[in-house]
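The following pair of complexes shares a single chain, chain A, combined with chain B in the former and chain C in the latter.
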Partner chain A sequence: MSPNTTEDITVELKNDLSELQRLTKVVTEYCESSGLSPQILFALNLSLEEVVANVMSYGYEDEHEHLIIIRINRKDGGLEIEVEDDGKAFNPLEQEPPDIDAPIEERPIGGLGIHLVRHYMDALEYRRDNDRNVLSMKKSID
Partner chain B sequence: MEMTLVNAGPEFTHIALSGRVDLKGIGDLDWEFSRQTVTRKKPVLVDISDVDYLASIGLRMLVKVAKALDKNDAKVVLLNPHPDVEEVLRTSGFDKIMPIEYDYENALEALNNPS
Partner chain C sequence: MNIEQTKIGETRVISPQGSLDAQTEKEFQESVIGNIDGGEKSILLDFSKVSYASSAGLRAILIIAKKQKESGGKLGICGLHDSVADIFTVSGFDTIVDVYSDVSAGLQGLG
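Right, the complex of A and B next:
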């Protein structure tokens, strides 16, 4: 398959942290079959793991099974990635950026996931759509 | 992820991590990592040469130990990260709270330097 004809993919995950391994596997296979670089694979895996683990860990207040939908589309020389969930309304982009110059005694334990996603992705956008959270991410692959 | 206690000497603790330091990889090793390092109250050399992936959960594990040891004036020094892993560390400002070194001798020196 040539890099320009790779089909878009959709992955549905249950809200169970054990599903993250399957996500990594699917994303790795997608990047490898699309001829994407190891750096893009690293950025994509890390960003998706951070976003999806956040949803699974904090998005749900009940014990029911929920589906988190991940779409990856190749568009205009880049990747468009969407993470959609039916958890409680939460805009991760409202989170204050961490102070990465703070001395060790002032460093919080945690709070770096979205900071990393912002670093590795080129654009991020959040919307609440029909009681669902949709986080869109763009990554240039040039 | 795998964790190996290389040396628990009187001067410092030397630990090697390898594999994927992510949610799945860490599992119960988070607790074990704290136990092997914080309880000894010695500076810690963490050899991460063979870590090929580091997610925020791994940063959490490292900063937790570094903060606890800081109370005993003991440092954490990271040895020889893969470039992808180093980018995660620097993006998070970890190079400012735990020195990153590329060879063993320099790492030993950094362990003993005052902050």
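Right, the complex of A and C next:
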């Protein structure tokens, strides 16, 4: 395999926060074997944790086990990352941006996750597909 | 997560280690809130051993900062790794918590 080609990866996680550790491990190994920079690794780990933790914490109204599917593909000089879940319909991109200049008393608890994802990723797109949420993220790796 | 604590002069120095994320935020938050409830008026969070933090970590820090402000105490944070300093800036946290380079600068700033 040449340094510029990488096997695409798919990770399936149960809806339990303890699974995040396994996700971080897989993503770290993927980035290291692909020769991606520590900055890309951080952007990827952070964005995936934000999106996946959100689904795990708020996406399900029952107590059953669900699978969240994460795909990472190398494409057109960048990375394409998809997070797919069968939770309730939720488009995180509809969330209002936080006021990051507000004084401490006026800062709401929470709501910064998607703000960080927007900052560290280059493009975000949401679709509802067959009763599933799919969030796709793009990150250029130049 | 491993969290070390010491008292230097009047300041309680709290040093979490590892990742401050969705899994560890509660433990970290409870440990610091315990100190605030116990009457510590000067708290320095030493983040020199925190290699990674996400919005879950920021949420914990915001809860701590609000609580310490209500109690009339002081709060500082020091030793931020580059990626943690970056999410602080992106989220506007550098304006709500005093950021210091290291423990000695923090002790001086709070003291």
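To be clear about the criterion, the second predicted complex is superposed on the first by the 140 of 142 C-alpha atoms of A that agree within 3 Å, B and C clash if a C-alpha of one lies under 4 Å from a C-alpha of the other, contacts with A are read in each partner's own complex, and residues count from 1 in each chain.
Basically, a contact is a pair of C-beta atoms (placed from the backbone, for glycine too) under 8 Å apart; a residue touches a chain by one contact, two chains touch by 3 or more.
All of these numbers come straight from a predicted model, not from anything done at the bench.
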Clash-or-fit label for the pair chain B, chain C on chain A: clash
Which superposed partner A:Ile100 touches (first chain B, second chain C, both, neither): both
Overlap of chain C and chain B interfaces on chain A (superposed complexes): 17-18, 20-21, 42, 45-46, 49-50, 53, 98, 100-105, 107, 109-110, 112-113, 115-116, 119
For the chain B and chain A complex, residues of the former touching the latter: 22-24, 53, 55-57, 59-60, 63-64, 66-67, 70, 84, 88, 91-93, 96-97, 115
Chain A residues touching chain C - in the complex, by the definition given at the top: 17-18, 20-21, 24, 42, 45-46, 49-50, 53, 56-57, 98, 100-105, 107, 109-110, 112-113, 115-116, 119
Residues of chain C defined as touching chain A within the complex: 19, 21-23, 52, 54-56, 58-59, 62-63, 65-66, 69, 83, 87, 90-92, 95-96
Interface residues, chain A side, partner chain B - complex: 17-18, 20-21, 38-39, 42, 45-46, 49-50, 53, 98-105, 107, 109-110, 112-113, 115-116, 119
